[in-house]
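Each structure below appears as structure tokens.
The same chain A turns up in both complexes below, where it pairs with chain B and then with chain C.
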Partner chain A sequence: MDKFTKLALAALSMTLITSPAEAQSVNGTVDITGSVAPKCLVLPGAGNSFGTLVALGELAQADGRLATDLSSRFSSIGGTGLIARVVCTSANPTVAVDALEITSATPSTTGYANRVDFAARVALSVTPSGIDTISNDSRNAATGPTALSGRLANNGDSNIMITADTFATPVATDLLVAGSYTGRIDIVIAPGL
Partner chain B sequence: MRLVISLFASGLLILSADRAVAQSATGIVEIDGSVADRCLFTTPSETISVGELALGGTGTQAGRLDVAKLNGQTRTLAGWCNGTAATISVEAMPLINRSFQGAPPTGFETRINYNADALANRVTASDTSTTAGAGTTIPVGLFTGDVVVTVSGSSTATGGLLVAGVYTSKIIVTLTPNVSFGGGSK
Partner chain C sequence: MTGVSKEKCFALIAVAALLLPAAVMAQATAFAVGQGSPNQIALQVQVQASVGGRCGFAPSGVPSGGFDRPNFDVTGFTHDFPFLLECTGPSRVAVVSSNGGLLTGGTVPSGYAAKAPYDVALHLVGSNSSADATCAVATLVSGGACPFRGPATTGQGLRLAASSVGQPGTYLRVSAPAYSAPEILSAGRYADTLIVTVSVAP
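Up next is the complex of A and B:
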């Protein structure tokens, strides 16, 4: 083999070794999913209850009939216990309100009353703005669950305020029987699945 | 050959984030109050004016107490008690001649006694003016309405002649609320 032949073989050999192979890739895929449960919670603390005791004191006025200042007394005595911050993860939470009349175990008779009815009102701030009010009269069954017009406001402030008004005996001239009286307002805020 | 590596971590995430039962927030406002035991007279007083107390005429009874003037006299007060433990009592005070001082001469009278009843809520409290103080206190309970006061059994100690003068008296009806508080419940 002459000198030129040897060079040609060497060049061919290099070409075969360094010739580029066909391109081949590998792909990795990570699928991620998750969910947020529909829930409502009381802030701060992420609890699930709020409320207070409103001790109205003497319910009768001097003439024995129902006092006329109970609405303002309810708010002033209840104070900050009547406001709360509740948020829900769902878009249109529902609210149910049930006002339970204020009653005494002492029996009544004609001209007397052992029951005081009233209206409970729960005002809820919603986003982007506005207030939805859900009310219930203690003479009636519970109101709701009623869907709110939007999400409960989550702006760091309280978004629920409870008030009560139109306290009344069955007959306006009724005298209240002496005794201890108790009543209640139940409010259930649900995610509204 | 294309090699595809697929990591099914998503399946694990789905399991761990499985939807919890919907959690609600509950608000409860408890309300309590009380009503004190009370009694109140809405018609607290009436007057019985009988005029001449002595019998007229010229007979043997002339100048002596005319019992018909007092017996059967009735007046209606009005009131209420809001407690089941309320009581009622009545005190009849004798009609006394306020114009004459001292003990009456023999054969004369300056004091007229009588009985008084007070009817309320279907119970009657009674008293006689012959003894000082109120009669027996009895339960009247929860009521609103009339308290009917009736006079009966008027008399003088000896049936003597009434000394001239102005005679006055009082019948006092007392409603007492006591304490009837019981536990209230919804």
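Up next is the complex of A and C:
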């Protein structure tokens, strides 16, 4: 190769070397995964229980038979303790309701009663709209677990309301024996599958 | 100029003139011996060069791998993905999120969420300086406002002013506290992918 050819090639190669380096971009990839378990929680506070004590007071009328205003008394005395806000991460949570009769340890005999049965009703707001009501009579076994028709509403307001009605002694004319009475409503809300 | 014709000589000079700076572009004619004078031309070639920067990830330090955290909504999470830069000059590192958050399948009604937020932080270590920045992952998607939203270019990404060749300590961190937004996360598997890019940054 003669001198001028070398010179021309040298000039060419020097020009290429002096060009600024091209911007380079190379990739790396990372993956992040996680899971949210099916669960239900009481808001606010992410608790796992709710409830209140409803002290109905005197169950009998003046004539000794069962009072007739227990349903309204239950709601008015229970007040805000009978409403709650529960949400679940799963799409169709289940609800079971078990009303346990109001009873006294005092023995009874014919014409008298130491037991008051009633129906418990749990109304649950679901999405996108509507209310599912799960009821149970204390004379029967627990109702459910029953899958709700949708997710529990999560709009910042309470979405569960508990009521009770149809209070009755085994025989309508029974007189209630004196004593302390206790009953209970068990509500179990589970995330389902 | 033995062995080189006048035409070839002109041609070579013309090629050189096109490629060289203006300082050496003055026209000159060289003749073969016995056919005129001068018989040679002296060219001064000024060489200007720079190393614009080789920049990438060290082969053994490319950001990669995975991280899984069950029940992240309750526990929160923090995880570092270390990586090694191999940049002989300033660089920029940028990140793109595939989902803009940890995403699960399906649709959810109002009041519930199928995407969980988290933060992405970059800590870049250079030979004599470092750089740090943190962004919400939601800003690492197309059009997002994070200053290190990828892909990295010479003008986009977190800039490390110093070289970094296998410098330890550089990492990408993903983190989130226990989930506390009013919308309830739907149960399921969640995922996101981050793509990390690096570029020279003149």
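Definition applied: the second predicted complex is superposed on the first by the 167 of 193 C-alpha atoms of A that agree within 3 Å, B and C clash if a C-alpha of one lies under 4 Å from a C-alpha of the other, contacts with A are read in each partner's own complex, and residues count from 1 in each chain.
Criterion: contacts are C-beta pairs under 8 Å (C-beta built on N, C-alpha and C of every residue); 3 or more make two chains touch, one makes a residue touch a chain.
Bear in mind that the values here come from a model prediction, so they are computed numbers and not experimental data.
Undergrad: Of the two partner chains, chain B (first) and chain C (second), which one does A:156 touch, if any: first, second, both, or neither?
TA: A:156: touches chain C, not chain B.
Undergrad: In the overlay, answer first, second, both or neither for which of chain B and chain C A:91 touches.
TA: Only chain C is touched by A:91; chain B is not.
Undergrad: Among the partners chain B and chain C, which is in contact with a greater number of residues of chain A?
TA: Per-residue touch count on chain A favours B.
Undergrad: Just chain B (first), just chain C (second), both, or neither: which does A:127 touch?
TA: In the superposed model, A:127 contacts chain C only, not chain B.
Undergrad: Quick one: classify A:35 as touching chain B (first), chain C (second), both or neither.
TA: The answer is both, since A:35 touches chain B and chain C.
Undergrad: Following superposition on chain A, which residues of chain A contact chain B and also contact chain C?
TA: 24-35, 37-39, 88, 191
Undergrad: Would you tell me which residues of chain C are touching chain A in their complex?
TA: Residues 1, 3-4, 8-9, 12-13, 15-16, 19-20, 43, 45, 47-57, 62-74, 77, 79, 81, 83, 102, 104, 108-112, 116, 118, 151-154, 172, 174, 182-200, 202 of chain C touch chain A in their complex.
Undergrad: So in the complex, which bits of chain B are touching chain A?
TA: 1-10, 13-14, 17-38, 40, 80, 82-84, 142-145, 177, 180-186
Undergrad: Which of the residues in chain A come into contact with chain C in the complex?
TA: Of all residues in chain A, those touching chain C are 2, 4-5, 7-8, 10-12, 14-15, 17-18, 20-39, 87-91, 127-128, 150-151, 153-156, 191.
Undergrad: Show me the residue ranges of chain A that touch chain B in the complex, using the header's touch definition.
TA: Chain A reaches chain B through residues 24-35, 37-42, 47-60, 63-64, 74, 78, 81-82, 84, 86, 88, 100-112, 116, 120, 122, 160, 162, 164, 175-191, 193.
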